[in-house]
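Here chain A shows up in two complexes: once beside chain B, once beside chain C.
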Partner chain A sequence: MKKSYLTLLLLPGLVFLAAFMVIPILLTVGSTFYHEGRFTVEGYLYFFKDPYFLKILWTTLRVSLVTTAICMLLGFPTAYFISQQSPRKKALLLALAIFPLLTSSVVRSFSWTIILGKKGLLNNMLLSVGLIQEPLNILYTPTAMMIGLIHLFLPLIIITLVGVMENIDTDLVKAAESLGANRFAAFCRVVIPLSVPGLIIGGILVFVGSLTAYTTPALLGGKQQVISTFLYQNAITLNDWYLASVVATIMMVITFVIIMIMNMLANKLNPKG
Partner chain B sequence: MRHKWVKGLAVLTIAGLIATGCSSKSNEPNGAGNTPAKGDPTKLVISTWGFSADFFNKEVYAPFEKEHNVKIVVEDGNNADRLNKVKTGGSSVDLIYLSDYYAQQGIEAGLFEKIDRSRIPNLNDIYDVAKAPLGEDYGPAYTIGQLGIAYNSKEVGKELTSWKDLWSPELAGKITLPNITSTSGPMILDAASIAAGNATFNEDQAMAKLKELNPSVVKYYSKTSEFVNMYSQGEIVAGPIMEMYVKDLKEAVPDTKFLAPKEGGYAIMNTVNIVKGSKNKELAEDFINWHLSKEIQEKSAKAKIDSPVNTTLNLTAEEAEGITYGAETINKLHMLDMKNVNANLKNWIDRFSREVTQ
Partner chain C sequence: MRQKNRGLGLFTFFIYLFLLGPLVIIAFASFEPGSAMKFPPQGFSLKWYQNIFEVSMFKTSFITSILVSLAGNLLALLLGLPAAYALSRFQFRGKAALNAIFISPVLIPGIVLGFTMLKYVIITYNLPVYSALLIGHTVIMLPFIIRVIASSLANFDFAVEEASLSLGAGRLKTFFTVVLPNIKSGIIAAVLIAFLESFNNVDISVFMTGPGISTFPIQMLLYVENNFDPTIAAISVLLMLFTAVLMFIIERLMGLSYFTKR
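On to the complex of A and B.
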């Protein structure tokens, strides 16, 4: 079979993506520059001059970045441990790691309200052992949002990292050790650098997921809005689809910028690059 | 391949995500199977919230289907989603149930058919305020509920009587308020204006008064279920809520009391309208008439599903417990002018976000 025929196989997928993703996104972005019959950037100026919106944006970025960082820190050792197991154990452990993804985020967020509440599990425990005198105020704060998001997205980074780590040739570690590196040095100078691509891809997944998450912030966050709940308010309650599209475009641009930055970092850190 | 199973798991995960994320919203009431064989039944599409579906299927839809050889199809969801669906066109909805504030949006967007009042004789039996809350051309309210304050009397430790009591120190850090974007949000704004001592609505003072209350608020709720959850888990001890939901609160906290503030509660009216372009306008009018009938109004009041608007029914004190009932109660309620609310809402939401919740 000729190669040119093979590219035809791409066609159904491409048509689908074009019709249901590329064109709608272009239309959304396009509509933000054309309002009430003329070209305009007013929508963007409106938002970026508005301290209230900037505060929402900042909270969202902060929550997403912290969530990503903590997911990386927690996910890395877990993934390394899993990747070192026998195939059977690995399958079992991965299934366990992924298990939370199989329940809906609504259910998970509700469970957290029971754990984190003023009369919740956590506060009751801390109060009864005398660590605190007054119940901690966690639920309905950005911290609660982060906890929910970490629970939601940790499996994503674990899956990606395990995929990358098990492809690291164990001979490389052995070689490093035979050349005088201790286990820790071998881990730091061989395993970590080679895992960077997985860390970056996982990080991007977590970051984008946190940035766009709606259910978890809506249920666990308090008075502080994030960008997705703000978008929902504009679109559904105010019925202002123009401003909602502007917010959506801003979200997309932020996502792309962050992905680019992470890729650049990855290229710098990757020993092959 | 060493990591084939990883891919397998990933696929499984994604499938799981999709399965948990998307679920069909449409459901069809049962009881449609026994329609008499006099030709194919007409399809009547009703857009409604979807609560108490069993009751509506059995007591409201099924008898109507039988009598008129109709098959009723229900599309459920919240006010905003359903209104948007009709607005974007291409839906086959004949009748739409909306709270008054969303119905007003629909009217302003020109989405509804003008109703023929002569075809709905039961309108004569309902409260005057419910007959045409949004104008003679549009649908009636089939239920009037009351927004007051529910509180945990044991935790609060004193009797509440007024909207002003929301500002009392006993409740500091333990209340919720409806979000300004929800149906009852503007009512709280009005109540704040009253609490600040105004006889007519004063926007600036209402905002200032709410700002004063902001530190007390754990969270602004958008859905009643959020209120019920926070309340039953002890996160809050009081807050404004519709009388109809107090029974859910009592289940969790038996010491729950409902207060119709002495300044008056707020009327929350749910209306029914015929969507423009409906091919079954007369049938839809018959259905509205049926929903306003003594029979249905009494049944839904006794089942504590909707407070009645039909004045011909007599409920015992026990039957009226937990619902908003009686001319005396209804006459005391404040009614917000929905045209005014719609005209100002964007500004209110803006000010609320910037001045109150910061």
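On to the complex of A and C.
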């Protein structure tokens, strides 16, 4: 009785996901290896031998890595500050970080076009104080893309870290201090190691998010393609579904490998064992 | 010691300036009377707000977006509520794997999900674009529905349910009269969070456009490709107000701690 009851509860959702997500994905991956009636890896050779495609992949990885590193560096101290505040202040700061996360990514990326454009706010400011003579070309470059992605994902790592830091027993910090460690040493020896799993989980979210983001590169990256805009271009504009499927498979493999590695690291580094 | 905290406070202030500044700037720019966006605006005008209602594609795509998000939400709730209940209530073999499958739509790159659905749901299964759009949005809403309801069920004492069952109420009756009222606010919060995810989605919707069919964010993207007037800034302000209202309701219903958990 219990088993059939469970099946009744779970099966509709599972069938739905199987039909509309799992099967399409498996067939897409399969189609990259079985092309024009025979088994082949040509699509992958084609992709990995082409310097233009490799450059897109490399740019995507580089932009994502830098975005992740900067988000970690900026997010960690911010999250620590938030976690030290009174409950009311903490709630307010968290709400202000969650709000951008719930706001449309089109809105958030678009807002940077006003700031970074040739006649934008940043150039006007820099020109008026005389720091530059010519307006900077930032919009529609990888730098603009990176700024947009940091803006998009920084709140995510901040709230993830606050969630982890809240669970750190303040008695541990007090104990370290009463045993003679100064505040900074207590921070380095207690808070940082206990926050590492959160930093890694936040890092995965930011890295995978930037690696697969579409809206921000499409709006701010200009002619510079990343792997997601490349997939879209092949699927819709060029109608090359075979190459698009190869790119989709590569994206999924990279995503899963990263998630697995980082999960393993997070488990290993978790001081609670 | 004080000094260090003050430095950290200033640092946090600049981070928030970076996070929220652009949203404030876009709000100011929406009142620009001229036809190119400027900050600070050269005057005050509401004409670009008026313009939103004059672009017909905004109107039709807004209706499409609302309908798809609402219908998809209902479908995701019908599929997700029983699943969330089963995954929270019972211990059984393969539970972790099932959990992972239900959460996986957020782990798979959205653009990949959109493309594979275009390839198979629209072309191979031969479903109309509108249904495919609905299905795609249901898939991405499911993990949010399940996660939020599961976190609400985690605070529910199932002993109450046992009591009702042992007093002779049937499973279905117990669920609707004992369990459901207790997780009502969690369900509403789940629906609102999923709605925002769906309404703002670009990655799936960008593959699912047809004659006269397109979602609101996709039309925004198309519009900025060809126009640089402040209409999108005006839309942004309205969307931010809408988001703030929904977020306020979510906070009232279950607090914001859900967002800090991973």
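In this text, the second predicted complex is superposed on the first by the 238 of 273 C-alpha atoms of A that agree within 3 Å, B and C clash if a C-alpha of one lies under 4 Å from a C-alpha of the other, contacts with A are read in each partner's own complex, and residues count from 1 in each chain.
Heads up, the rule we're going with is that contacts are C-beta pairs under 8 Å (C-beta built on N, C-alpha and C of every residue); 3 or more make two chains touch, one makes a residue touch a chain.
Here the structure is a predicted model, which is why all the values come from computation and not from measurement.
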Clash-or-fit label for the pair chain B, chain C on chain A: clash
Partner chain(s) touched by A:V253 [first = chain B, second = chain C, both, neither]: neither
Partner chain(s) touched by A:Y140 [first = chain B, second = chain C, both, neither]: first
First (chain B), second (chain C), both or neither touched by A:I159: both
Partner chain(s) touched by A:M125 [first = chain B, second = chain C, both, neither]: neither
Partner chain in contact with A:A175 - chain B first, chain C second, else both or neither: neither
Chain A residues touched - chain C or chain B, whichever exceeds: C
First (chain B), second (chain C), both or neither touched by A:V41: neither
Partner chain in contact with A:L54 - chain B first, chain C second, else both or neither: neither
Touched partner set for A:L96, first chain B, second chain C, both or neither: second
First (chain B), second (chain C), both or neither touched by A:Q233: first
Single chain B stretch clashing with chain C - from 60-68, 222-230 or 348-356: 222-230
Residues on chain A lying within both footprints (that of chain B and that of chain C): 91, 94-95, 98, 101-104, 110, 113-114, 120, 155, 159, 162-163, 166, 236
Residue ranges of chain A touching chain B (in the complex, touch as defined): 52, 87, 90-91, 94-95, 98, 101-104, 110, 113-114, 117-120, 139-140, 155, 159, 162-163, 166-167, 222-223, 225, 233, 236-240
Of all residues in chain B, those that touch chain A in their complex: 2-3, 5-6, 9-10, 12-13, 16-17, 20-21, 80-81, 84, 105, 181, 214, 217-220, 229, 233-235, 345-346, 349, 353-354, 357-358
Residues on chain A engaged by chain C in the complex (per definition of touch): 2, 5-6, 8-10, 12-14, 16-17, 20-25, 27-28, 74, 77-78, 80-82, 84, 91, 93-108, 110-115, 120-121, 151, 154-155, 158-160, 162-163, 166, 183-184, 198, 201-202, 205, 208, 211-212, 214-215, 218-219, 228, 231-232, 235-236, 241, 244-245, 248, 251-252, 255, 259
In the complex, chain C residues that touch chain A: 1, 4-5, 8-9, 11-12, 15-16, 18-20, 22-23, 25-26, 29, 37-39, 78-80, 82-83, 85-87, 90, 92, 98, 101-102, 104-105, 107-113, 115-121, 124, 135-136, 138-139, 142, 171, 196, 199-200, 202-203, 206-207, 217, 220-221, 224, 232-233, 235-236, 239-240, 243-244, 246-247, 251, 256-257, 259-262
